[in-house]
Amino acid sequence: MKLGAPVFAVALLLVPLIPSPYYVNVTSQILIAAVFASSLNLLVGYAGLTSLGHAAYLGVAAYAVAWLTTLGGLGHLAAALVALAVTTATAACFGVLALRGTGLAFLMITLALGQILWGVAYRWVSLTGGDNGITGLTRPRPFGFDLTSPGAFYYFTLAIAAPTVAAIALYVSSPLGAAVQGMRDQPRRMSALGHNVWMVRWLTFVFAGTGAGVAGILFVYYNQFIGPQTLNLTNSAEVLLMVISGGAGTVLGPIIGAATVVILKNVVSAYITRWVMLLGAVFVLIVVFMPDGLGPGLHRLWHTRSRSAS
Amino acid sequence: MAHALEISELRKSFGGLPAINGVSLAVAEGERRLLLGPNGAGKTTLFNLITGELRPDGGAIRVFGRDVARGRPDRCAHLGVGRTYQIITLFPRSTLAQNVVLALLGVSPRRWDPLTALSAHPSLWERARAVLDRVGLAASADKPVMETAYGEQRRLEIAMALAQAPRLLLLDEPFAGLSREERRDMQAVLGAIPREVTVLMIEHDMDVALSFAERITVLHYGQVIVEGTRGEIVANPRVREIYLGE
Amino acid sequence: MSFWLVLTVNSVTFGGLLFLLSAGFSLIFGLMRIPNLTHGSLFMLGAYVGATFVVGLLGFQLNFWLAAILAALTVAAAGALAERLLLRQLPGDQLAQVLVTLGLAFIIADGCIWIWGGDPMPLPVPAALGGAVRAFGFVFPFYRLVVVAIALLVALALWLGLERTRVGAMIRAGVDDMEMAAGMGLPVSRLFTTVFCLGAALAGMGGVLGGPILSVYPGLDTDMLPLALVVVILGGIGSLLGAFAGSFIIGFVYTFGQTLLPDLAYVILFLPMVLVLVLRPRGLFGTRAA
């Protein structure tokens, strides 16, 4: 595993050398999905709170950037910062509502909140463009670099995605991260030990929302378009699938899950038009037969192999 | 001298059943008090009311002069109250050291830190190991809890409470389910609790408990039946009736 | 004046359809402790199947009522398969069961597009029930009145079933206190299958009856499921009366909201649910919070 990390890092840096721009783009998509899934994993894997409305935060950030750069007349950096602030504020408010429950109640409240935002995106046509969404976005030009080529945009995405995922990993390994995991397992005990269970969960919720917001900013610059379907239940389910298929509660899990789902989606849609059906079937199979996900499974496999080799 | 714990006219019912029916007691600072009573007398419920895990229906609870009757458990911990549980509620997949660190964090402002790795706080880990050493668990510090013996887990419970340097320690049946040898280890641990710490202990094991406690409060059906020194309690006819007559 | 009357009639009709959708959802939630996220797609499946029977399958065209009944049975069978083959694999793990119902919802919904295509399917009002009725000086579309009447009949039948039959008593016992009921020998797994199938059948039938009004299109499932969720949370989980009251309240909120405040229609719909969750988690008539 020690050798794996630098090799992996070098591989990431060399991706734009792949001759086909299609694969470079797919890898950019994977990076964006990895940020999105890692942020959800804070809730699902580490806080033990399953959310079915996480697409809302990616959507809020994406719409904010889209609106601010097209109609709001803001520059790209300013728009991104405002968008993150708006997303964080949304997560802060929604977190108060969602944390009125845990378990299934939390699931339903997050589902409802996600649907409300989808409904706003869909119906408030004067603000969001309704079904047509917002188009005509330009990509930023950080330090004058042109990001229209897949390779350039890939490096931009990597430069933002990597620190974000690292920040999430740091959170998880920090005292606050240890506290939220303790609360996942024994909330009563943690409270008796002096931890403020609600506050720690709320902070984690807000941080998860902000992380999804970063993914949303990358997403909207990648697609140069945003529409209401990005906030729908299918997308919240898709990112949840990334987390549980890769292995919730591990840092690598959501990244593996993101890669798996994005690749599957891209490969499959070349052959089958019914991606959603496959998504559902994979969901069911993973939940019923592989509840730990692929990440821990591969981890076990790696360790048994290295043990038998020595 | 101030009271560490003052309870007056405490009441708590579940459904229509009164679990605590007008309990009043006061424990002085530094005292070692034993809470005796048959099963169902309300002893653990009393602990849950003190720490704020349950809300009372009536009455008052003061810890070091502060009203905690309607408080949250985490605020009670910050007032210096530590407690152990009858049923072990540890973190089974974490190591003993990790369990103690969680306890240490509970009363430290570092618990809000999202920016540094927990492993980069050497002082926390040193203190955790020191606490484990005091209860004789230093050798198992890096073993996951689920791989340790029941007796060790019970001692870990105490370690986590002691790690927070509590001023009032609530022990819920620390000797439950222990073998003869494990009982001796536990007695050593209890004996090593700093003298200034006020201890309120629930226990069934009469010999061990009686040797530990200075004063004893006997509960029955949610009410205080009698309170006094060891000698007074043992001689009391009602106590004998409850414990030997039943 | 007639504008408000039309809105009112539509609200009551929609409330009736919502009841057919939500009654089963509420019972499943109350007994099995899971929000059945497949429910919207079962409604849609029933609509598609019913429309197919009405339009004609292999040259056979069916009478509307027969189509509705067959559609309900088909959806009930699908529900039985789902419950026995999948949900049963995860006893006690409610979160996993909910995720399975979500996956199934996607499979069914996309399956419908696969089989029937992406265009809406026409399901016309049956000729015998077309036309209008004159009463109190106003004109009411006859079909909508029929839908309301059926919803009321179903509500009555369900209520009698729950109150007067043995199975009903068992269901009520399970909803109230599953541990106690199971401890007393309640045939839990048979009851789960029964309630799940009943809920599915009601949803399927609702889909067919709603076809002429809501039409049959991809996306019907994601339009209806959140409504069922709101109705049940508002009315109270496991409560038939709650599903009844909640359905008509939401029927009014939705219909009036859509027409008067189209921009915020969705927000208006969900706000009551969020408020209920925050202020009175057990809903209007429920005994237990979510």
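Each chain gets a letter, A, B and C, in the order it is written, and its residues are counted from 1.
Convention: contacts are C-beta pairs under 8 Å (C-beta built on N, C-alpha and C of every residue); 3 or more make two chains touch, one makes a residue touch a chain.
Worth saying up front: this structure is predicted, and the values here are computed from it rather than measured.
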Q) What topology does the chain touch graph have (line, ring, star, complete, other)? A) line
Q. Just by CA atoms, which chain is the most central one?
A. A
**Q.** Chain centre separation in whole Å, for chain C relative to chain B (CA means)
**A.** 52
Q) If you average the Cα atoms of chain A and of chain C to get two centres, how far apart are those centres in Å? A) 33
(Q) Centroid from C-alpha atoms only, then distance chain A to chain B, rounded to Å. What do you get? (A) 43
Q: Any chance you could list the residues of chain A touching two or more other chains?
A: none
**Q.** Of all residues in chain B, those that touch chain A in their complex
**A.** 51, 53, 72-74, 76-78, 83, 85, 89-91, 98, 101-103, 105-107, 110-119, 121, 160, 164
Q) Across the complex, what residues on chain C touch chain A? A) 33-35, 86, 89-90, 94-96, 98-100, 102-111, 113-114, 222, 226, 229-230, 233, 262-267, 269-271, 273-274, 277-278, 281, 289-290
**Q.** In the complex with chain B, residue positions of chain A that touch it
**A.** 170-171, 173-179, 182, 185-186, 188-197, 203, 207
Q.
Could you list, by residue number, the parts of chain A that touch chain C in their complex?
A. 50, 52, 97, 100-101, 103-105, 107-109, 111-113, 115-116, 118-120, 122-126, 232-234, 237, 240, 244, 274-277, 279-284, 287-288, 291
